[in-house]
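Each chain carries a letter (A, B, C and D) given by its place in the written order, and its residues are counted from 1.
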Amino acid sequence: MFKDLFRSKPKYVTVRPQKQTDHLEHSEKKEIPGGLWIKCDKCSNILYKKDLEKSLYVCPKCGFHFVISAKERITLLVDEGCFSEFDSEMKTIDPLSFPDYLEKLQKYQEETGMKDAIITGLGKIKGQEVVLAAIDYNFMRGSMNTVVGEKIVRAFELAREKHLPVTIVSGGGGGARMQEGVFSLMQMARTCQAAELHSKKNLLFIAVLTQATMGGVYASFASMADIILAEPGALIGFAGPRIIQQTMKQNLPEGFQTAEYVYKHGHIDRIVPRPFLKDTLANLIAWHRR
Amino acid sequence: MFKDLFRSKPKYVTVRPQKQTDHLEHSEKKEIPGGLWIKCDKCSNILYKKDLEKSLYVCPKCGFHFVISAKERITLLVDEGCFSEFDSEMKTIDPLSFPDYLEKLQKYQEETGMKDAIITGLGKIKGQEVVLAAIDYNFMRGSMNTVVGEKIVRAFELAREKHLPVTIVSGGGGGARMQEGVFSLMQMARTCQAAELHSKKNLLFIAVLTQATMGGVYASFASMADIILAEPGALIGFAGPRIIQQTMKQNLPEGFQTAEYVYKHGHIDRIVPRPFLKDTLANLIAWHRR
Amino acid sequence: MANTLVLDFERPIVELEKRIEELKSFAKERNLDLSEEIDNLQNRSERLKREIYSNLTSWQRIELVRHPQRPTAEELIELIFDDFYELHGDRLYGDDPALIGGIALLNGEPVTVIAPQKGRDTKENLERNFGLPHPEGYRKAIRLMKQAEKFNRPVITLVDVVGAYPGIEAEERGQGPAIAEAITVMGALRVPTIAVITGEGGSGGALALAMGNRVLMLENAYYSVISPESASIILYKNDDFAKEAAEKLKIGSQDLLEMKIIDEIIPEPLGGAHKDRVSMGRFIKEALERNMNILKGLPQEKLVSARYERFRAFGKVKEDKL
Amino acid sequence: MANTLVLDFERPIVELEKRIEELKSFAKERNLDLSEEIDNLQNRSERLKREIYSNLTSWQRIELVRHPQRPTAEELIELIFDDFYELHGDRLYGDDPALIGGIALLNGEPVTVIAPQKGRDTKENLERNFGLPHPEGYRKAIRLMKQAEKFNRPVITLVDVVGAYPGIEAEERGQGPAIAEAITVMGALRVPTIAVITGEGGSGGALALAMGNRVLMLENAYYSVISPESASIILYKNDDFAKEAAEKLKIGSQDLLEMKIIDEIIPEPLGGAHKDRVSMGRFIKEALERNMNILKGLPQEKLVSARYERFRAFGKVKEDKL
């Protein structure tokens, strides 16, 4: 039922948090195995799944933020029933005819119920209209391809037309998607330009960097936001930590490329634990209303 | 005769380089003692004064750049006879009635033949009109007071009105001048604003940082230039090296706050030895002509 | 006044208050009625306070603004604004704890607030580098000023900074250029700007945040091109004459108001801001609201040109011909 | 070809040329007239060269652009422009030797030129960090781009960069944000921008300098979201399949022209740019002048909107309803 709602044509729909688990069992297998009990990736405590749900998938023992899907993210942020999705049927044309790519996509589409790695739409956060986008780490590691790029560009364009703020939750571990080659690279250009046109109208853009925001996602729209928030512990950077370690042949500093580390180096405004995210966004949006 | 020319009302005057020594004996005593021979501050070689004059007061043995006066600087940069000074009679009102200040000023005025630490005017560099200012290190260490500030502001204003580039040679070792207190501080504000208004008209400003450019001079107009050149070895910084050493109780790195050091740290476009300065300015101005 | 540092010139007050307390104890112990004498002494004490605190020398005021209990920027922000959401980082190199900034609500209206932040004790002061910003602090300020301009939000700065930080890295990363840029950017903002010198207004570090359409100043604060100690060293080769230098440099609020360097003095509670924080916050808030109401009525162009004119005026010179 | 690295696929040419030389020596030694045979062989050699160099695989082209004698940015600038005055520093942190920029004259007209700079030998490469910019390199580029815009000067970039630098400090100082800002700034410039991919066009590091109104590309250059080696690792868990990946990713100039990612291919001398530097410079100069003449006729607004449209077009998707 959750999925049906999301697939419906743009209109305000009810997204019920209590139905989330249906979806979780599909997409979050690695992070949150099925069954009643879940082991925390960080502290290894065994957690009761219902408790974890209530705590918004933040480990009650150690504060570890489990990866959540784009749908869950939107459910978490928008007022109940206040989200209408854009472009839900948009799919890639596979511009390079890259071998095995379409098969791979199909597998992810079936697993996640999404056509590609992003959901965009118009939502309300505490009564305030906002154009909202969430990248889904579980869909090919949230990598940016033509669909992700085009949906972000259109989201900014709509926001510009309607004079609305934009919030993007960017969990894109894979950066640019290899299988669409240079077209994925071009999405860095396009999303930067879209963010810039929006910005030139003096409209607000808030980026929420979640596990993980790397490569082409970080090096484009995500770091051009007016205000950059991040979830605790999220991996954030351009080059991947393993590549750096291999190339430099030296150990990485403690906590390298975590949200906390990047914050200390001046690239993030605030680290916001998940339970405070909606209120924070609501306040920031309210303070930028004209 | 040299002095008379400079004191005349704004008009194009001939400034003859060969007459420089008259003035040097007055103002450059510490750097270049009278007599036929001069000892280089850096390499301690004994130099024949006539040779040093020919080499533009750059030590032929080690390249050390001797401090030269504002008049000599202008003579060195403008086409022969092509300089008309502005505001040559401008003097401070001693806004704080600071004890012993006027007496001190009088001593410097007599020594240098200048009313205060700066010369501004309209000159031609290889046939191109430019508003030119040179701070004189020998006049109270080139410190910025109301006169220096006001003359710089007026220079920028004239340049803005006439759509001309501005070049300032900033040898201001003393930063803001203590004896005019907060009014000296305000000159940082005023010169920054003047430079900004000039800049907003898309007009060119080139700063030439010479021995020494410190404190309030460096932390205002001098670092707001489109292109920042520096003479080799010039001391450039905000806080003085002795204060830093005393406060930090640690040795300063080799070459700390030299032009070369500051260049390496990204704050200077080029280091230009004195003999190349006129050509460099001429080219840069030509390339920015419209 | 428990746990509060007593300054030299405050000793007579403290002594007298101690006597009164002793007399009260004595009266109670012996069951004597000394209420008239005690009342007299208390009146005397009030008069003494007013007398002492109303006739402070420049140096005594400096001692007051350097008082360890003087409210820091964070405390003042808490007292003045309804809400404050701190934003961090210069987006270039680091987040400087010596300078804080963010969005606050002044009477429900969003404003951007920027302020150097001293520590309240040694540990905090080490974290905050004694409220002395590095270039990344000024660059955070510049970023937040531009953000404020983008969203048409006024900028309020609270300035309490000894001066530039004499550090190797601060020089390497260009504190001179960073200060120049902050002056230039704040000086050209198309939104109302109000600077409040709340304590020490030290040279370029203070000016970087003081390009206000209005520059207000707390009664005991100072604003100077150079610290009195450094001036003394230059004039007398040692810092024994800092008190004299403080007078000569005319760095107190009354002198600066007369010279029109500042626009308004915000009174402090008797004995200094730390003696009554709540009132201090109220006084500042009142002054900010009053000035903001005037500035908010001005069009952007006028805000910019008025600010230019404000500073353009500090160039009075003599131009007699010989 | 003395001292020049011979690539595998060039061996037949080199062998044949060696034979010809031997035959010439032999003829001379023995005083035989073998001129006809030698002429034939030389014709054969020419045909062979054309045949080999005209049918290079993607991988062979990559080998060519990675050739140690491939002209670097400095060499190309010297060949293309009448004059070049390098400007240094990001005005924030440092001067990055891996990226050069400054004012040059293209046919007497000032332009701003920006380019990553590889070294010509190991020593230079260590100094230049193999042409891999740090954040301060991108920020120098941003500064020079804004300077160019201020003075209405076109921007020309020469792009030869393997990709992002996988270094700790580059991450700490924000190479992600620096690249994003360079993309954004160059993408919005109100002056003509032309990017020339001259060698390796590696991912975000290349795109940061490739937001041209026109994107030109040298015949053998490549432009890719990922290096073929890395793609091979992702697809096959090791880098043995880089050649296949290079084909699949369609990163060569012909493919990119067909996909309209680039606007024009600049031909290289037979055997690659390093075989005839002077001609290479001439070809690039000719292409720059021709394109610049068109762009200089456009009003600023049009330059900006045309650039937006150029990149806006790379978002073709399917939108069938289920």
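In the analysis below, a residue touches a chain if its C-beta (ideal position, glycine included) is under 8 Å from a C-beta of that chain, and two chains touch if they have at least 3 such contacts.
This structure is a prediction, so every number in the text was calculated from the model and none was measured.
Considering the contact criterion stated above, the chains in touch with chain A and with chain B alike are C, D. Per-chain Cα centroids separate chain A from chain D by 34 Å. Measuring from the averaged C-alpha position of chain C to that of chain D gives a distance of 55 Å. Centre to centre, using the average C-alpha position, chain B and chain D are separated by 43 Å. Looking at chain D, one finds that residues 91-93, 173-174, 177 touch two or more other chains. Shown for chain B are the residues in touch with two or more other chains, namely 223, 265-267.
Pairwise chain contacts present here: A-C, A-D, B-C, B-D, C-D [touch as defined]. If you check the complex, the residues on chain B that touch chain C are 7, 87, 89-93, 95-96, 98-99, 146-147, 149-150, 153, 176-178, 180-190, 192-193, 195-197, 215-216, 218-224, 236-240, 243-244, 246-248, 250, 252-253, 256-257, 265-267.
Chain D makes touch with chain A in their complex at residues 164-168, 170-177, 179-181, 183-184, 187-188, 203-204, 207, 211, 223-226, 231, 234-235, 248-251, 256, 259, 261, 308, 311-312, 314-322. Here chain D touches chain B in the complex through residues 83, 85-95, 103, 105, 110, 136, 140, 147, 150-152, going by the rule given at the top. Considering their complex, residues 91-93, 135, 139, 173-174, 177 of chain D touch chain C. Residues of chain B touching chain D in their complex: 199, 202, 204, 223, 226-227, 263-270, 280, 283-284, 287-288, 290.
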